[in-house]
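Supplied in structure tokens, the structure appears directly below.
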Amino acid sequence: MAASKGFFTDTTLCIGCKACEVACKQWNQLPDDGFLFSGMSYDNTVHLGGSTWRHVAFVERPVPLNTQTDGAFSWLFSSDVCKHCARAGCLESCPTGAIIRTEFGSVYVQPDVCNGCGYCIVSCPFGVINRREEDGRAWKCTLCYDRLRDDLVPACAKACPTESIQFGDLDELRAHAKERVEQLHERGMPEAYLYGASADDQPGTEGLNAFFLLVDKPEVYNLPPDPVAPAKKVKDAWLAAGAAAAGMALAAVGAVFFGGHRA
Amino acid sequence: MGTSFGRGGATTFPGDLVNSDVIVIEGSNMAECHPVAFRWVMQARERGATIIHVDPRFTRTSAVANLHVPIRAGSDIAFLGGIIRYIIENERYFKEYVVNYTNAPAIIGDDFKDTEDLDGVFSGWDKKKGKYETRTWMYKDVDPEPAGGTRESEAGEKGQPIQRNPIQAEHTDETLQHPRCVFQILKKHYSRYTPELVEETCGIPRYLFLKVAEALCRNSGRERTGAFVYAVGWTQHTVGVQYIRSAAIIQLLLGNMGRPGGGIMALRGHASIQGSTDIPTLYNLLPGYLPMPKAKHDKDLATYLRLNTSPSGWWGEFPKYMISMLKAWYGDAATKENDWRYDYLPTLTGDHSHMNTVVDMADGAVKGYFVMGENPAVGSMNGALQRKGLRQLDWLVVRDFQLIETAEFWRDAPEIARGDVKTKDIKTEVFFFPGAAHTEKDGSFTNTQRMLQWHHKAVEPRGDSRSELDFIFKLGQRLKELYANEYGQIRNWPIRDMTWDYPEIGPLKEPSAEAVLHEINGYTVADRKPVEGYSSLKDDGSTACGCWIYSGCYRGGKNMTARRKPYWEQNHLAPEWAWVWPHNRRILYNRASADPNGAPWSERKKLVWWDEQKQEWTGLDQPDFIVKRGPSHRPSKEARGKETISGVDPFIMQADGKGWIYVATGLQDGPLPTHYEPQESIAKNPLYGQQCNPERMEWIRKDNPYHQPYDDPRFPYLITTYRLTEHHTAGGMSRWLSWLSELQPEMFCEISPELAEERGLKNGEWATIRTMRGEIETRVLVTRRMQPLRIKGKLVHQIGLPYHWSTKGLVRGDAANDLIGFVADPNVSIQESKAFTGNIEPGRKSKGRRHATSGRLVKKLPSREQDRDLPKVGHKPESKHGYKAEQTKEGNI
Amino acid sequence: MSTTVRYKNSVERVYTDGRDIDTEAGDLTGEAADQRASGSTDKHLKEQMQVWRQAPGPRTGDPAYYNVPMLNEPVWEWAIPTYYYVGGLTGAALVLGAASQMGDAGGRKELIRRCHWIGLIGAGISGGLLIYDLGVPSRFFNMLRVFRPTSVMNMGAWILTGAGGTAFLAVVLRGRENRFGAAGEIAGYLAGMFGAGLATYTGVLTANTAVPVWQASRRVLPILFGTSAMSSVGALFELLGGKGEERRLTKIFGTAGQIAEFAASVAMEKQASVVPRVGRPLKKGLSGFVWRAAMTLTAAGLVLGLIPKPTRRRRLAAGIAGTLGSALMRASVEHIGTASARDARASFQQQRAGYGAAEIARQPNQ
Amino acid sequence: MSDHNGSSAPVWPVLRQFAKGDLFALDGSTAGSSRTESLASRTKTADRVVGSVCPYCAVGCGQLVYVKDEKIIDIEGDPASPVSNGCLCPKGAATFQLVTGSHRVSDVLYRRPHGTEWEKIPLEQAMDMVAERVKRTRDENWEDRDKDGNPLRRTMAIAHLGGATLDNEENYLIKKLFTNLGIVQVENQARI
């Protein structure tokens, strides 16, 4: 198995150009997501979806960043992507085996297997994977599985003009990201932190293979503050199901016992 | 820039911005419009450089800059002038650099009067002609060549006549104390550009202004450098050239030119826009910034050469370039006896630039029009007037990828939709030819850093798609055939004699682009061997060269522009990647990176230096200097041409080898940048009685109405236009692509929450925007990124409008340029689209009216034209075109 | 496909297939090159997305991103809640069938036969509903491609297959006078076991998602679904109008189910509302209304069924109310989930309140 | 089940699970299809890779054009370029759609005077027609000298616009041909 690969998206380097969105569409030959004016700053793709595997969020805040020497305003950009979680909700919920863990540690949907059951869609704690109505199958970022097979960098990371999207071996990325946060703290940006860089940061997913450096609350970027792979809690439900099944059996037997022979 | 430093091209390249300690981005939204070049700015920031963005809007560039300075659109000279004053008053200039490498010590003639003396006008205004007589601006005791000096500068855009006598200051004062020296004149000129005035003019609070000035000063000198970055946010004004001049002055004062991390980076918007001025599809130039002959002056070759050859500086080589070009064009037909067929060239009688062509078109004087890879019906000002012009043509040829608005102006235009104009009433015959893409043809682009890069043909064009090369070549062949029986007439001889024998290659028998490049590079006539560079060119007809500044790009028969040695195998200047003019020099004027003695100013900022041992200039870059000329060299009095360049003259294209803080000759509208208000402003000029640039080009005609100069009650808001990362200019290359269209799917305007409140506008809903030229509807983005400015206690609101959309493509919307009138900078005829006034109201109330076709949109008010100009400047007569007819029809020449 | 863009000044309409690649000039072989895009818009995006009408700026203290849903909402339409109902009914009937096989089952022959038939037909309908709802129905059998215990749906597929298979065997073999009869008898019991799974796993399936209200209700949902399955069986037999032993027996089973279902509903409301924002869809809006309606119908069914001396009419009414209540309960759970997924703040507040991953850390046994 | 593994592994992943003792079937090696197994980047299959330059703005980012069977299969940044290090902006990244898009017209179209529709005409015919019109317009509107007798040698009735998106070689031929026809109104985007 090859070393685990992933993305480190450093939002302090993002200029919101959306090259990643287009490079992704180009390489994967995805269709557009509709020509809808959202009114949400410069974000007209709004969210990740079946046909949008990279999405840049635009956050207009009435507070400055600490590195800005003046002003009472800041504009944050963040290129969102499938997180390829170490514990991936979609993967664990997929009933067909269409979603697999690859040799690069990424989570991949096999379009030739997926039957479009839609279960992964509600199982993703980040709202990443989605179906396109006319197509029926579930789609999301593949971490450019095809490119990785040939030692190529994923299309978005390659296109990114400012190295906001960094691709590489996960261990190295994590080490680098840690240094980067320290560097930013030194430079007077104490608000910088890593999102999902490790299992410690994000126990619910046991760490993201595509993690982020953020400068505001995750919610500001439409990211959950404490996501959890649903299967981590499923034991409770199975126990309840067991109890319900037992109760039902008991009720049935009871009904037979009490309702049976009296007549 | 041409007039300040000698060449109009960007003096550096984006990659070198990494070495900057401070980068001021003004008049450019670099992160949005040039994201990949911005890569280097981000790297500089990460290395600790301070990034400052001065812009009316808080853009994606501002978002990642250390400091955003909101400015009133159209007030940049006041701001930059304020910085100049700050540098001088606080003695923060790089004295050794200024004294040695600039014309600051030069003494100016006694007749010169500054705008300070004449309330906003320089000496020499000719009321009758409506233009300056620039003689009084000259150095003391230097007699400029009378009127005829017509050699154009290498201005990146339209070059200007520069009078090329030995313009070397006769008198200098190296102590910079003489009251008539450039330095003192400069000091006086900007003495009123105080922080208070900057605040009052630009809406920039004092403390912010001081932050910028201090950051620039702090990062200059031997150890540190700063760079300026601009784009069309500066050029598209009635004083556009002077905006750039202001930055040039700052960079010269701070000693930032020719040094790593310094310079002025001009960012251009099209793949080969630099190339299309170098090898100009511009009326006033021949390839390599050789001027087109002027009817009145350049009657024969001898006169033309005399008027254009500079007795000092590099332009002393002029005849070699001109004769080699004629030789390339006319081959054997060009002989010494027939003046190399100079008499084949058509001549100019005035300004024949685009906007004049359009009004001529609208008046029926132009019959046939070729449009190739451009969409003027959307991308040009006053779209309705543009389209009116198209309707008057007999025939129109459009070459593009798809049916753009210009190709279908007769079918799909606002005035057609409205019914003001009927398709069947339009007589124009239209030919649409599908163009080949860059992947379907060989050829070179010249990028913003003057780099020629070759793109190879990957696949054959499909269907009837052809390259422009093929189209023009075959059109030429046909015309040669058509005229074959009419060579009795002299006027047809150029067609007969024009060399047009490029090898035809491939299945489509296309002309070989490499053969054309070979001709551009130049060759020795006898054996057709490519020349090594422009220093090999001769004025005896033994060499031919299509464009002398590109000479060397095909050196040794090798296509240098196709070189692709990976950057990691060479230094950061990457000299073996493609080819840069001139002579593969990456940073211009790099002689200035060394001190007068030839040693680098500092280890940290070394680039080119004098090697005592080898007795030559050496370093990381190709020296932009005469390699063997030592720092101690001083020319003799008798020296002529390039022999006049001394060892301490880094600006070798300038007649005196110095960086020009003060432009004694070469500009139409003054030797020093002066703050003038835009044609349509929200404020009276706070500095001078003269409101606008007196030399600006106006087109006073019914289909091009102007608002009142300021305080027009009908149009209380300032509007500025721009583009977005997600689209490309007029949209011909982006609105048809779904992957780009979905990212910015509709036309919108950007306004502040305060303006939204004032006018009852809501985010996401509709607004109607009006000027006298037209009315459009847009979606509304309410954002704190648009910040109202407080000017003299009054809130000034600005409206931002991207201009990508029109009636065709996947995503559509009204075209912003339909709002803008024709008015332009006098030096380069570039229109003012970055600052004008208008009004906004909520809702979709536009009826799609355009003044040019639907008549008046708003109630009539007195024009108050007199408020734009002082009485002594005069009033412009309403003439055929209405522009200062004297000036532009005859006077410019 | 075509879409008309709201631009009134154009003559031409806009056509795009989403990529617009001329396949003579460019190759379409990328990963998603065959993703079909007949409509211009991701349907769900379009439904959810409304043009933002305010000046941007996240709310301090309780930020969100333009109120854009953080999660994707369920793509399941009517077929899946219907399947929940039918599957539940099937499962509970098989459980009852198996229980009825016990002891002296002579008098319950008809009941057992009916239960097995309900199991067989119900499993068939369930399969049909699932196939109908799949994005790519032809790939239904991919459900059995792997055995993936982490996937509740995969388990469900095996359970449904097992339930259907054993119900089939029970129907075909049971009662025969040979070895096959014994096998049929065993199949009946097995069917009961599968049935218990079938009737309750759907609750686990729903709970095992990122949808905040479902996740918060995970300890109740399987019980709710199981008890509701029981009440549906009771209601169905009311409708079928069984007699004697069958009637008594199913009445007890169904009534127990209805009482438990009602109790589970109340418990769910409480569980879900630990974080008020999470429980909101149960109380507000259309989803809240549907939820209440389901509870009311279930209660009505229960009350009608408990009135002494039942008439045929009253039994029918009780059966209809119970059936509708059960079915509507499943539909409302679906609806509540959709509403919850659309509310990004439900997730945010749930997780901020310590009910994200932090909840697991607080449970040392997990 | 569409799986068809070339290898000896069982076709049905459940059997693979048994064989490997894999209880969960999460891993690609168990649940992968044959397509997944043979997945590779399409650029690998290119017949040739052609060096190019981005056609949008003037930064001049390097591009690589991948061609297979005379079709373009991909266009992306050239990592070797000192200008761009392989990066592209959104427009540059959309170049593939720009050059292979179905929006491109590949016929010559003609709109006759007062016409309401386009007509397709052959390229050669169109070229002849344009050449004829250039000649006629030039001949009819020739200016030999101005009123003072200065040489003009030109026609002001024909103009040209465009060049900043074109190649240097193209601009050169445009300038050369038009200047020699006496057309001086040659302009481009640099002014716009």
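Going by the order they are written in, the chains are A, B, C and D; count residues from 1 in each one.
We adopt the following convention: contacts are C-beta pairs under 8 Å (C-beta built on N, C-alpha and C of every residue); 3 or more make two chains touch, one makes a residue touch a chain.
None of the values given here were measured: they were computed from a predicted structure.
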Worksheet entry | Central chain (by mean CA position) | D
Worksheet item: Of the other chains, whose C-alpha centre is the longest way from the centre of chain A?
Response: B
Worksheet item: If you tally contacting C-beta pairs, which pair wins, A-B or A-C?
Response: A-C
Item to complete: Would you mind pulling out the distance in Å between where the CA atoms of chain A average out and where those of chain B do?
Response: 46
Worksheet entry | Euclidean distance of C-alpha centroids - chain A vs chain C, Å | 26
Worksheet item: Approximately how many whole Å separate the CA-defined centres of chain B and chain D?
Response: 27
Worksheet, complete the sentence: Distance between the CA centroids of chain A and chain D (whole Å) is 34
Practice prompt. Mind pulling the residue numbers of chain C that touch at least two other chains?
Written response: 5, 16, 18-22, 24-25, 29-30, 51-53, 56-57, 139, 142, 145-146, 148, 150
Worksheet item: Can you list the residues of chain A that touch 2 or more other chains?
Response: 17-19, 21-22, 25-27, 31-39, 41, 60, 62, 92, 97-98, 113, 145-146, 161
Worksheet item: At which residue positions does chain B touch at least two other chains?
Response: 35-36, 39, 411, 459, 462, 725-726, 736-740, 743, 745, 763-764, 783-784, 810-811
Worksheet item: Hey, which residues of chain B end up touching chain C in the complex?
Response: 411-412, 414, 416-418, 459, 462, 736-738, 745, 753, 756, 762-765, 782-784, 807-814, 848
Fill in: Complex interface listing, chain D residues touching chain C
1-3, 12-14, 17, 23-26, 30-31, 42, 68-69, 71-73, 96-97, 99-104
Fill in: chain B partner contacts - residues on chain D that touch it in the complex
48, 50-63, 65, 67, 70-72, 75, 78-85, 87-94, 97-99, 101, 103-116, 118, 123, 126-135, 137, 140-142, 144, 146, 148, 150-154, 156-177, 179-192
Item to complete: Please name which positions on chain C make contact with chain B in the complex.
Response: 5, 7-12, 14, 16, 18-20, 22, 24-25, 51-57
Practice prompt. Can you check the complex and tell me which residues of chain A touch chain D?
Written response: 17-19, 21-23, 25-27, 91-92, 97-98, 100-103, 108, 110, 112-113, 144-147, 149-150, 152, 155, 158-161
